[in-house]
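After this come two complexes, each holding subunit A, first together with subunit B and then together with subunit C.
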Partner chain A sequence: MKRYVLMIAVALTLCAVSVGAQTDTTAFDRYSLWLGGHYTDFNDYAKKVGEYRLIDDNVFGEFRLDLLSRRGSTLFSLNGHFFDEKNILGQVNVTTGNRLAASFQYRSLVHQLGQDLLSNLAAREAINGAPGGKMLTHEILDPGADYNIHRQEVLSTFDVLLSERGNVHMVAAHRMILREGTDQSRSVSHCFSCHAESRTRQVQNTTHNLELGLQADLTEDKTIGYRFGYRQFKSDAPDAYAPYDDAKHPTAITNAGTEAEFDSRQAYEDTTLRVNALPQTEKMSHRVRFKGNLGKGRFSTALGYARTENQETDLSSDAVTGTINYSHPLGDQTRLVAKVYAARQEADDPFIDLPTYRAGRPGGAAFANLEFDYTRYSVIDRTHARATAEVIHRLNPRWTVSVLGGYEMIDRDDYPVADDGLQTKRFIGQIGARFRKGLNYSSRMKYRFEKTSDPFVSGRGLFEYPGVDSLARDWNGTGATFGFIFYHDREDLRYQAITTEPTDFHQFEWNSNWQATPKVGLSIGVRGFYDKNSDLDSLDVSHFSFIPNLNVNLTPSDKLAATVGYTYNHYKSRGPVSVALFDG
Partner chain B sequence: MGCFLKGEGRAMRLVLLLAVPSFGLFFAGNLSAGVANSACADCHELSETFHKTPHGVYFSQDADLAEASCEKCHGSAVDHLNSGDPKDILNPAKMDQFGSSFLCLNCHKGHQFDEWAFSAHNTAGVKCASCHTIHADYTAEKTSETEMCFGCHSEVRASTFMPSHHPIAEGKLTCRDCHNVHGGETMFVEDQTAGELCYSCHAEKEGPFVYEHAPVQEDCMICHSPHGTVADNLLKQSEPALCLNCHSMHFHATVEGVEGTFIPPAEPDRVTESTLGAWKSGMLTKCSQCHTAVHGSDLPSQTISTGGNALTR
Partner chain C sequence: MIAPFHYGSEYQMVDYTTNTHTFYLSAGLAATAKLRLNGLVTYNLAEGSLEEGILPEEEIFYNGVQVLAHQDFSFEEMSEYSNLDYELLRIAAGMEYQLTPQIMLTVDGELADLTDNEGYVFGNESGSFYMIRSGFRFNF
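So, the complex of A and B:
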């Protein structure tokens, strides 16, 4: 059972110190130290307030430290917040003139995961009113476990001005994310019939991100830059294992069926295998950027290449991406902003080698050697392109209007949906207006519309590989003597291509700000969206969101500000579910 | 001596951003007419304390700039001084994308602003002064970075208080961890493909895997809503409803549930049938209880009929 924690914020300020010593305008120090504490307690509070808290009935000391110091052109700041032993924030920033900007940050948080006791996985089917049928059981091997992850992040960034001539900058950044703790590992074995097990799995994942870049101004208005990126993910935790017993069909016991019939459906049995494994992956990327002026306009382009490798299976994927952004003045009061994005992604297509079919049911002997091997074509393979153009026009000092039009296309190479499911096309339209009257009143509104043909579909659910059609047809064609629907045929019949993505999308937004007095401001607005898909390949899905908000801002002095706001979020989702038509 | 009690750590960045002179050289200031700050101070109280602001400190290092720094951003003050009319002086806070942002970029030449002209904020009319308090001194009360974003993006604020959420409301993540508010590239996002932003932290879900789940490669947001949701794990809907939008329900879940973990098959108490109650019970089953590797796996599932692609390992 997931535990909840209610934090009673007894933020008792024991000491708050602020010291400023400003001897001149270029040298000063200011620091503050806040000492206090908080108390946590458990109860059945309905919200997941404890998800990111240390679950411990206790009193915790807490402190914050802020320091800002300046000497000439060197600025130093230090911020720290110790909430408890696993919730810590620390940050140091150093800048020296325009030569160096460096930042170091440490963040630590805890994420409570809870445990699923699987208690709903206990069921038995009746056959003709007698005991029998499929059975579903579960077993919790570590029922008292309290699963949580301690996430720590160390981020370092540097920006060094190598040369003022050409504004040559070198940027370097590294981030390490460490996730340690325990999680719930689940597995399911078709032994008799289905048996779900839960056990504790150690978690010790490390993600490294590295970024190195060089940027320079070629001329007054032209800049070129190169960036190298690297990411590595690895798990150092011991692998989790789960047993897979001998398969037995329940009818073999109760209804005199054949055990082999169920056995024939299994790729492995009577063994212990690794489960929930996370492979080590690496990603390297290169990107070149170029920006400058073109006539009266500005442009920015980028060309990138990235390669991701799964080092356990030697699978890799490649991505080539490119962007062009262009902004051009169409007169004094009108501007055009155009953006083009294109990407090509490809991934390896592994050959899946499966056991032959071991038919156990009557008539199945003829297919005892039926091959299930296939090539898994990746759904990653695709070409993606998007282009938008927006014209922004200032009608007068008070009114500005904008119109945006766009087109997007996703062409999937090997997606397991025939014909029209392969290519998605989307038209985008948007209009907006902004109004300003002096400094005291402003308002903005926007309406966006997207029309999509053939949005992403889930192709055959679990049966996601090309060739399933021909495989099924082969069975049907050569299995004319069968007097029943084969198990595999059922799979083919059951799953259909279906989508939950909308074909029509409408978004609206309106917001107004009114500064009633120099010390009182009011903000009111509403935003929301409605989308739907009533095409035949959907279950008539729709979503509706309506979010009004009201904020009152009070600023009695330049050292005190208060905001009182209310936001109401109404979200309605209509997503009919697909139910099973067959037993099996 | 200021009364500085809160000083939210990351909020300081905003001031630093303005204070750090590494963003560029101070531009020549050809708009200046040499009106001294003291003249502005006759009417504008801010001018008196300007020397304590990050901008003021920076300008103070140059004797010429220190005396007439107001004009560096507001242009010649001569006409305004004579007429007193606000229309006779530049006010970046009132200017839109046709002017004010690029006024700031004359000095703040850092490459992180290269894409500002094309950014969503700029084209929507957001100005530098919309987020940055240009005249704030070091002792002024700071709005936290996240709260400032919430000032406009109220729907996101509401989402972060949903039962399942990224720890934004708790202050453990900020908007800038995922969003580049100035436009352009986000740090550690290696390519611009769908999902890459999420993979930069959740790298274990990227693959490529032998057994794929198509929506993962398509777009994380088909199933997840990153700011916050009612359902667990930032899912748009609870399981199994979310999964059943595309997949059919197993027969397992549609038979009546029983007490206990296992009873021999001959036990009469186990005998139930698929009933309305069973269907209700089935809707309490989470698909990921058995299909644990929903983001992809290299390990084949047990049943042959799925081609090993049931994502149960």
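So, the complex of A and C:
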């Protein structure tokens, strides 16, 4: 990593020196070097107050370097800050007129992570006020563990003029993000003694993002471009594993005589399995852009295709997207801005292969050898379209007003029911106004309203019917009766669509800037929203946000400047809390 | 009658409310031709709470019979686990003194104090740190 960073930085520096040596008409150099150190002392719990610092009571050497150099049309800058071994920032930029623009940035930081004490995972059944029966317990296998992540990011960009004829540019960009360290891995065993455990997990994730493209002017007012994208995410950390307890029936403490029967109802138990696994993903994309003038207006269009694949599970998704933006003057003081977006997304539907339920157990065809395998249809399969049109009109030198209308549609193929997905429709309305009086006062406000029909809901209901009778009558389609409710059965008992998506959405923003005197400036504003969903039977889910802010800038003399400000943020959400009720 | 071990579900509508206050003050002063001072104070107060949901276990009936009166469905502590209440105070101050036209001496410090009045997922997170920094700046 360090060698890679050094190579790119040296290459850019040499590039700047060689190009800059060509001309020397307007040359200057500015350097600033700060050398010093700092001492930090932490008390009590340090991971929150020092979330992005090294938790170490120690003295650290520190330096900053800023360099700006110009030779003719070539501008070279270098900025670096070494705070400690984990907190480093370095930037190099080179531009040579329209011929070359290159940049390189290295950023390193540390993120301290707390340890979830799992203290909410402690409960016990109580009958007539006396504790007893089933319980939920937890165990932290690495108490006091020091979790932290060292994040390093390298970003390189190049823009080279290949030909002045047609203004042909080649662009390239590469971003690498490396996350190394440890975090907390959690697992939960089921049945009899619900038992949660946590342990240390190694983290070593790498993300590469590469873009290559060409851009050229077809005519004086028409430009076309193509860009290829590649993204890869992988984890090189060793797999995390967790043991799962020997399952026992909640009413059979010793397991004697019931083990074979109860084990046959579990998907897994008394084993060690891989947990908290990360996907190994690869994404490739192609994008063509075309922009130019059309009549009195100006347009820009883009057509893209992307394919993402999880190489570990061999599952993939595809997306085709298209956009058209058009701006057209309707008069001297009026402008129309129209935007259209459309996308088609499809993802593989994985087959969930579960162990046979009660395999080989007695009880007749009604209760033994049941298959609960199913295909999990993806909610991603959809057609998505959105169109908006905004008219902006300047009433006079002080006032500008705007009106926006739009329509959005999301048509899902298979969710929540295969071949009969939800179709969400949304109407959008927005009005806005800007006011400016000279250079001393400006103000803007906006109100937006969205009306949505059939917003996305959870395909599995939030509540459960008390369905022992109905399930017993319909068990496995045989009409047979059975005295228990199995966990799998509970899926058939669930009802009540639930969502956090609103049907009505209101948003308001207002802010004002006032330079009262040459020495006093004032900025005041408020923004907020209210949304609700009244289509969920008796569940009136709603959200409300209210955020006013005030900022005052004071410059009482040319030697003193001060800023004072206050922001209040109020947020309230209303929703259901639901629990399933059992007796034994 | 088959013992109905499963009685479906009950729910309550509850509010989750958060309130945060952020105050800041920064200032810079050119005290003399060679001495510059700067300071910053920020204060954050954040509170969050979930309304307690009281589930009507006394009203649960099966075939007309009250069935779960003997069970204790107590969820008082569940709502408390979502409570947040913390204050964060940060104070920073610094000075730059010009020793020569090209060299400056800098001294600055920072103090941060977090008070956690509830103790959330990670336990009580109250803590503090201070930092003292000094060095020389060379301008060319």
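Assume the second predicted complex is superposed on the first by the 460 of 584 C-alpha atoms of A that agree within 3 Å, B and C clash if a C-alpha of one lies under 4 Å from a C-alpha of the other, contacts with A are read in each partner's own complex, and residues count from 1 in each chain.
One rule holds for everything that comes next: contacts are C-beta pairs under 8 Å (C-beta built on N, C-alpha and C of every residue); 3 or more make two chains touch, one makes a residue touch a chain.
Given the structure is predicted, the values throughout are model-derived calculations rather than measurements.
S.K.: Look at A:T567 in the shared chain and tell me whether it touches subunit B only, subunit C only, both, or neither; answer first, second, both or neither.
M.R.: In the superposed model, A:T567 contacts both subunit B and subunit C.
S.K.: Just checking: does A:L35 make contact with subunit B only, subunit C only, both, or neither of them? Give me first, second, both or neither.
M.R.: In the superposed model, A:L35 contacts subunit C only, not subunit B.
S.K.: With both complexes superposed on chain A, which partner does A:G50 reach: first (subunit B), second (subunit C), both or neither?
M.R.: Only subunit C; A:G50 stays clear of subunit B.
S.K.: Check the contacts made with subunit A and report whether subunit B or subunit C touches more of its residues.
M.R.: On the superposition, B touches more of the residues of subunit A.
S.K.: Does subunit B (first) or subunit C (second) touch A:E62, or do both, or does neither?
M.R.: A:E62 sits against subunit C, while subunit B stays out of touch.
S.K.: Pick one for A:Y341: touches subunit B only (first), subunit C only (second), both, or neither.
M.R.: A:Y341 sits against subunit B, while subunit C stays out of touch.
S.K.: Figure out whether A:D116 sits in contact with subunit B (first) or subunit C (second), or with both, or with neither.
M.R.: In the superposed model, A:D116 contacts both subunit B and subunit C.
S.K.: Touch test for A:G575: subunit B only (first), subunit C only (second), both, or neither?
M.R.: both
S.K.: Counting only touches as set out at the top, which of subunit B and subunit C does A:D540 meet: first, second, both, neither?
M.R.: After superposition on chain A, A:D540 lies in contact with subunit C alone.
S.K.: Which residues would you name on subunit A as touching subunit B in one complex and subunit C in the other?
M.R.: In subunit A, residues 30, 32, 34, 47-48, 116, 120, 125-126, 129, 462-465, 468, 539, 558-561, 563, 565, 567-569, 573, 575-584 are touched by subunit B and also by subunit C.
S.K.: Hey, which residues of subunit A end up touching subunit C in the complex?
M.R.: For this pair, the touching residues of subunit A are 29-50, 53, 62-63, 114-117, 119-120, 125-129, 462-469, 472, 481, 483-485, 490, 493, 539-540, 558-584.
S.K.: In their shared complex, at which residues does subunit C touch subunit A?
M.R.: 2-31, 53, 55, 57, 60, 62, 67-68, 70-75, 78, 81, 88, 106, 112-114, 116, 121-140
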